[in-house]
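Structures given as structure tokens follow.
Two complexes come next, and they have one chain in common, chain A, joined by chain B in the first and chain C in the second.
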Partner chain A sequence: MSITKRVNGVGEFIRTIVDPVILGFRHLFRPRQTIRYPFEYYEPADGYRGRIINDLEKCINCMLCARICPDKCISQKIVEGKKWPEIDFGRCCFCGFCVWVCPPDSLQMTKDHSFPTYNKEDLFYEWDELGEYPDPSSWRVGKEIKQKKIQHEMVFE
Partner chain B sequence: MSLTVNWGPQHPSSGHFRMVTTIDGDRIVKAIPKIGYTHRGIEKLLENRDYIPAIPMIERFNMTDCAPMNMCWILGVEDLLGAEVPDRAHYLRTILCEISRIASHLYNLALYTVAIGMYTPFMWAIGDREYFLRLAEELTGVRLAFAYMLPGGVRRDMSEDLGGKIMKTVDYLEKRIPEYNRFVYESPTVEARGRDVGVLTREEALEMGAAGPVLRGSGVALDMRKKAPYAAYEKMDFDVVSYPEGDSHARMLVRFGEMVQSFRILRQAVKEIPNGDIHAVTKKTSTIVRTRGVPEGKTYVRCEAARGMIGLYLESHGGRRPYRAKFSTPSFRNAYILPKIFNNAPVADAPATYHSLDIWALEMDR
Partner chain C sequence: MWDPLSAIIEGLNRLLASFGVAVPGLDRLFYLVVFPGLLAIEGVLYFLILFERKVIARVNLRYGPLHVGRVGGVMQILADMLKFIQKEIIVPSRADAFLFRALPVLMVIVATVPIFVIPFGPNVFVTHYEASGLLVLAIFYLYPLLFMLVGWSANNKYTLFGGLRIAYQFLAYEIPLFLSVASVFALARSFDLIDIIEAQNSVWYLFLLPLGAIIFVISLLAELERKPFDIPEGEQEIVLGPLTEYTGINFLLMMMADRTKILITSAYFAAIFLGGYTLPFPTPLPPYLIMFAKQVIIAFFIVFLNAIFPRIRIDHVIRVGWKYLMPLSLINLVLAFFVGGLLT
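On to the complex of A and B.
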């Protein structure tokens, strides 16, 4: 059905054209909803499921994490008679079941969500590499978006 | 003279989906959906998975709306176990399901408006969806693929300030409703593209087994949240939205109405959420599932996803792995409607009609 049949009279027809323009102008003065990522960032929520680390002092070498992993991305390495988990982040889906199942809570998830590499092999983290806490500067790139700067945070504030 | 043309899977608006259309002039005479382009055999793979590691894979049915997929699986496992779930976990599940539903409906609004050539509502919907993904991130730790529910409860408790954040986000979206109404749903341009296009009558909808907003858009007010309540829906006060017209626009209105109802549910859930445990006995039920599996038996459970009723037939012969898991997904049933719905419609209406059904090809093929 054509548009003209849906509009009652000339007045409404003109309003269908003018109203969006007015709304567009109003939206010009609203805060933007996007962030310019490499220059700005916002902090992920607490408890964000990012890169997994392993506290080597707490780990009891039970390997329950490898058993529950849906992607089979956790393998074991035997060092001095003890089993240690190693994670291939190229396969990991960040479901966090390994962290959930860990009896001494030695596996933890950090806020690190950006660790790109040039080689696929570099995503494989060996047992001692998992023990290092990630450098926050890897995801805190540029300046932090403050409250009320983007509309998103304004809603929450 | 008619011409047979493939619509998809490389069509910009089709998704991972192919439809063989026979075209006469610019009219679609016949349309046959070809199902299976993204078939991954998940149901077979589930037979080789433990019950809990299966959850991330089940969520891959539908990434935009993954909480109900998880919910359905958990309902099945809990039914076989006879597990008790604390009230707080029920409420948290309800909150996540509604967040997921709103995000999914906004995403569909974005796709539909792009299909009819309006890019502003696309930006609005995607921008507003972001707030709900952020809420999901605060609740579960990730924006998509939550893997949040476990047999016997949920994985994480809600932080104290999250309730306020949910309320504020809902407030903000409710303020946006008049804008959406004026410039999308009541706009003559949008109505002209959606009214009397892709009409599915009530009888056809029932005969073809339509699901979700497609069924309710044809005047059948059937919602599993009302019909067979699960989680905390029994205690929630909400309406089932349905429109009798059965055209593309009615289906979009149903989704919009459902979003408004979801706001109501979110408000009630946040307000009434009881204190207490979030898991039956800390980690115990899920530990039983993890170590000993579930007892022998078979069950059929249903729950309401954003796209319609999702059913699960689960059969266990004991042990840690299911013997058979069969999902009945709404997108699959809605894909059956495609041959009926075009009915000599112009080719230009095909993308809009297709997106008004909200078929998610990955969920359809499984």
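On to the complex of A and C.
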């Protein structure tokens, strides 16, 4: 099957060569479809399953979240006789079961999708760390990411 | 006429004379090393590669390199080069180690050598040779042979397939390319690039031989292994073709040779079809700047085409070369004799 049999006549054959060139020239002046990710924040769509936070005032310490977790990444910590969930995000698969099962809706998923660390241990969020976003100034990863973190917090509020 | 090049050479001569040194043929040396020669080529090469990455990104509606350097990622290519230089040179254990290491250097040399004879002005050339038009083609035809040797020397199936693909493609497009250039030789009645350029003083050969120019450009893209005809380097099929086993500075040298060849052939195309260093109307610009501008514009356009076209299948490539371009180029040669007869 030669290329001349697929197109009708010489005119269309020439158009198959000239049209892409014109389209390419047009694309040079079209707006870009991508963003400069670490420097520009792009808010994920609603229902995005990002980092999990726990509203410590709503939590009834039932630990159903630890029971349903398929990755067993939620562990319990007993503070003053109450059980609080702790999440190892290095193991979390962001399935959202814990949020779904939570009776008082105290566990919530946020749109935060990037919390890189240098150590695996830093991905383990203790019970009080789950309650709030960490202070951006304590963020040790880098200037750009820190900047992004501030932007993210503003968006989230 | 405004003429910065000869002013620079004059100043250099005077500077050397003040030290009591007289360099015979300083202008030729200057042409070889600085302006139409090596330094200018390398300088344009840098921006050609940057332009290639930026323009492909732009056509894909992306940003491209942006982070390194203050404006538009201008230092990105330098960073890449530094990265290539500090990488280890890996020679496969079954490869022909001497050829494998020597060929990248040789290819850069072969790709750069034609600048010796391409004239950038009535007096701006390194050497004058009566058959310079033929000589450029002869050196240019060495390049695919070396590329085949590269494919063989690495002793890898992908490099070997790439080399064989180059052989097929090269055989199919060598003849149309040469016949289209031969039509120019027939029209100008000379092999000398300076004669050919002077003969286009009033009207460019692009308008006298449009068919020849089209054949030349298509065959040129095939010989350069640029995008519609990049089957020897088909990334999705044979990893990188003959370049598969190269790492570090050897890979950098092969890339440099590839881009240098684009620049040299752009200058050649400008000389034989676009009037070289002349313009059809009087200008205050010096001839070498005109030639340089034409060279750069053509090279950038070839790179721009790389962003647009998909790859053609290998049997289509061979068929277009043998079945369509070859008869058309013979017709074009006959037409050139007719046009030459009409002009004289």
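Quick notes on this one:
Everything that follows uses one rule, which is that the second predicted complex is superposed on the first by the 130 of 157 C-alpha atoms of A that agree within 3 Å, B and C clash if a C-alpha of one lies under 4 Å from a C-alpha of the other, contacts with A are read in each partner's own complex, and residues count from 1 in each chain.
The criterion applied here is as follows: contacts are C-beta pairs under 8 Å (C-beta built on N, C-alpha and C of every residue); 3 or more make two chains touch, one makes a residue touch a chain.
Note that the structure is a prediction, hence the values are computed from the model and not measured.
By the touch criterion stated above, A:36 is placed in contact with chain C alone, chain B being left untouched.
Contact with both chain B and chain C is seen for A:23 once the two complexes are overlaid on the shared chain.
Applying the stated contact rule after C-alpha superposition, one finds that A:109 touches chain B and leaves chain C untouched.
Contact with neither chain B nor chain C is seen for A:66 once the two complexes are overlaid on the shared chain.
In the superposed model, A:97 lies in contact with chain B only, and not with chain C.
Using the contact criterion defined above for the overlaid structures, shared-chain residue A:46 touches chain B, although it does not reach chain C.
More residues of chain A are in touch with B than with the other of chain B and chain C.
When the two complexes are superposed on chain A, the residues of chain A that touch both chain B and chain C are 2-3, 20, 23, 33-34.
In the complex of the two chains, the chain B residues touching chain A come out as 49-50, 52-57, 120, 127, 130-131, 134, 137-138, 140-142, 145, 147, 155-156, 159, 165, 168-169, 172, 179, 182-183, 187-189, 191-192, 195-196, 290. Per the touch definition, chain A reaches chain C in the complex via residues 2-3, 20-21, 23-24, 27-28, 30-34, 36.
Listing the residues of chain C that touch chain A in their complex gives 55, 58-63, 66, 304-305, 307-309, 312, 316, 319-320.
Those residues of chain A that touch chain B in the shared complex are 1-3, 6-7, 16, 19-20, 23, 33-34, 44-49, 68-71, 93-97, 100-101, 109, 151-152, 155-156.
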